[in-house]
Amino acid sequence: MLVSVFRKAHFNAAHRLHNPKLSEEENKKLFGLCNNPSYHGHNYTLEVKVTGEIDPLTGYVIDTKILKDVIQKEIHDRFDHRNLNEDTVEFKELNPTAENIAVVIWDLLRPHIDSKLQLSLRLYETENNFVEFNGK
Amino acid sequence: MLVSVFRKAHFNAAHRLHNPKLSEEENKKLFGLCNNPSYHGHNYTLEVKVTGEIDPLTGYVIDTKILKDVIQKEIHDRFDHRNLNEDTVEFKELNPTAENIAVVIWDLLRPHIDSKLQLSLRLYETENNFVEFNGK
Amino acid sequence: MLVSVFRKAHFNAAHRLHNPKLSEEENKKLFGLCNNPSYHGHNYTLEVKVTGEIDPLTGYVIDTKILKDVIQKEIHDRFDHRNLNEDTVEFKELNPTAENIAVVIWDLLRPHIDSKLQLSLRLYETENNFVEFNGK
Amino acid sequence: MLVSVFRKAHFNAAHRLHNPKLSEEENKKLFGLCNNPSYHGHNYTLEVKVTGEIDPLTGYVIDTKILKDVIQKEIHDRFDHRNLNEDTVEFKELNPTAENIAVVIWDLLRPHIDSKLQLSLRLYETENNFVEFNGK
Amino acid sequence: MLVSVFRKAHFNAAHRLHNPKLSEEENKKLFGLCNNPSYHGHNYTLEVKVTGEIDPLTGYVIDTKILKDVIQKEIHDRFDHRNLNEDTVEFKELNPTAENIAVVIWDLLRPHIDSKLQLSLRLYETENNFVEFNGK
Amino acid sequence: MLVSVFRKAHFNAAHRLHNPKLSEEENKKLFGLCNNPSYHGHNYTLEVKVTGEIDPLTGYVIDTKILKDVIQKEIHDRFDHRNLNEDTVEFKELNPTAENIAVVIWDLLRPHIDSKLQLSLRLYETENNFVEFNGK
């Protein structure tokens, strides 16, 4: 009997869409305004979903206070008020599209969530654009 | 060709997280502020999802007016403006975590939804904490 | 490794629930106020979900600018500020329930999305009533 | 010591922008798509604001249950699932712009709110377009 | 040249509407379900508004980090996960209606905001019911 | 008889809080993470409020299509997908706090709104932090 628990978090970051393996011209053509060399930014909203059995002792699938702390430490403290392209090792070579950020966040969270629990996530770049990744 | 229909509802209730089989000390350690003996409370938002074939006569999977009335009678009238631990039979012995409330609500709704339709639900305890249950 | 990309859009339309194969009386009984012969209306919110592999060149599953343009042309320009029953070929004979509108929109979008990508959608008729269709 | 109390309500209606004193051509030029003769529609959200002193007996400026019932009877039951131009006396001759609807609603509510209380309101036509009227 | 700065915060609490100077019967008649002796609860959202001149050195009217800390210490830590009637000195004798809670919060915040700045606030009890207090 | 018309718009930008007249150390102390030299960013939401009499010909205070176009041209096209500190003349010397951005936007919009209409605005930097400016 599986139940999913969701926890939302937020971080504000600068980025530009840019594939370092392509020329400036190709990047500009592919990414338009999002390729602006001096960056733009977003309020990212992250929605983490953890699925598993309810522990009969606690009535929890996972204690959301623990989940909140993991997200705070692994994601918020790493990316909030940062420039994703400039300030993080994760996006030095990787284009910080919402899709790629979602996969990177999943990889960062996975080791900190009990392996019998499934992990999925949504990342909102704006209210109108968002992505979902259900894991590898 | 399956389509899902969603209907949202709300109820406001008091509760405390407490497992009657554990000592006061263990409860306090597990649930912290949520274990406050004089209770705290939430505006719960319930999102019911019913999945099935479209009836060609009505163009409906389920008439949302009927779904609304079922939720009103079975859930809202039972839990709204109540103390979940004190005023309800469902949580006399069961810890009213979001996970457990979701399963209880599913059990209460299931007999009132046509058995050829699937039933799932989400329960929001706050905007940042919510759970999903897709059924037994 | 599948990632889903979501894009939201809006259109405002008039409609009435009415099955032309039924009598006036049967329609009134089935659909109540929603059968009002002079129509009522909604702000519809459409959430399109496209699922596939991340293209390593762009970091995109699909360029949301392209997705946005497809939705604008195929859905918004067709239905926005229209009377669904009166002004559209799609609902001349088909009852414009949220369920039927969702399937019609899926059929309109499908040919414009690369066939290796999956297509799903949600249609919000109001904040409290919405439907989801994951495709044929 | 003045406190304001707010109550939200919703109604879904069809309308077209049309000034009956102008020609078809002038109407089309002024109102574009909003002038569509077969109508379009909206989910209107109404936010009523009542300002006054707190009654020391109840701790209320106004009992929101009473305010809710007034809005239900005077506004919702009159306009919900209606065509504003066709089905209502208020907009037979008056162009149902958000501005005019707001003033009409204020006039309909004012006699039902105690005269020592101030009355204001907001009317949302969409999430992005709304109006406010603080009274005559 | 006055600018207003807003900061939102949240707290979850139990309460019952009850005027200790009235009989049980009168309380029940006035407050209905909200008078439930075993309490119900809400997710309260607080929106604090501080108005003043922009400091040319910082570009701030008030540093929102400081405002956030004041709200956290004076309001959140006092009321979150509490029973307003049972656990707080403020509502031992005062009926915790949204109106009264708003005035109490204003009184608690006022000494901690520079006297050249104006202070107002909104308190949301639910999405549909909220109050505003612009000060004494 | 005054009515206010509101129109919302969005832009996504990078910025850092930095007063060029202060030392690096003073800036870091005043603005903390917000002073990050490689920038961070936000989804800004702008809410423009225009107040005046209803034009009896149109039923409008202002045509929101015109207001939308003014905001698009004067604000969105100038600031969207830009680095406020690097890419704009407005914030070359001025610290781009929400307060200062709000005043700059008001100055940019004022000449394009009929002088008999009042102009106010809100700028949301995040859902929890926002500012309001009612004009000079």
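To keep things simple, chains are lettered A, B, C, D, E and F as they appear, and every chain counts its residues starting from 1.
Throughout what follows, a contact is a pair of C-beta atoms (placed from the backbone, for glycine too) under 8 Å apart; a residue touches a chain by one contact, two chains touch by 3 or more.
Every value quoted in this text rests on a predicted model; they were computed, and no experiment measured them.
Q: Check every other chain and keep only those touching both subunit B and subunit F; list them.
A: The common neighbours are A, E.
Q: Given that subunit C and subunit D are copies and touch, would you call their interface same or different according to whether over half of its residue numbers are shared?
A: same
Q: Taking contacts as defined above, which has more of them, A-F or A-C?
A: Pair with more contacting C-beta pairs, A-F versus A-C: A-F.
Q: Let me spell it out: compute each chain's centre from its C-alpha atoms, then which one is farthest from subunit A's centre?
A: Checked the centroid distances; the maximum from subunit A is D.
Q: Which whole number of Å gives the spacing of the CA centres of subunit E and subunit F?
A: 29
Q: In whole angstrom, what separates the CA-based centres of subunit C and subunit E?
A: For subunit C versus subunit E, the centre distance works out to 42 Å.
Q: Which positions in subunit C touch two or more other chains at once?
A: 127
Q: For this structure, give each pair of chains that are touching.
A: Pairs satisfying the touch definition: A-B, A-C, A-F, B-C, B-E, C-D, D-E, D-F, E-F.
Q: Which residues of subunit C touch subunit D in their complex?
A: Its residues touching subunit D are 10, 12-15, 33-34, 36, 38-43, 80-83, 86-87, 126-127.
Q: Under the stated contact criterion, what part of subunit D meets subunit E in this complex?
A: Within the complex, subunit D touches subunit E at residues 1-9, 49, 54, 57-61, 64-65.
Q: Give every residue of subunit D touching subunit F within the complex, in rising order.
A: It is residues 17, 19, 22, 30, 32, 94-100, 102-103, 127-134, 136 of subunit D that touch subunit F.
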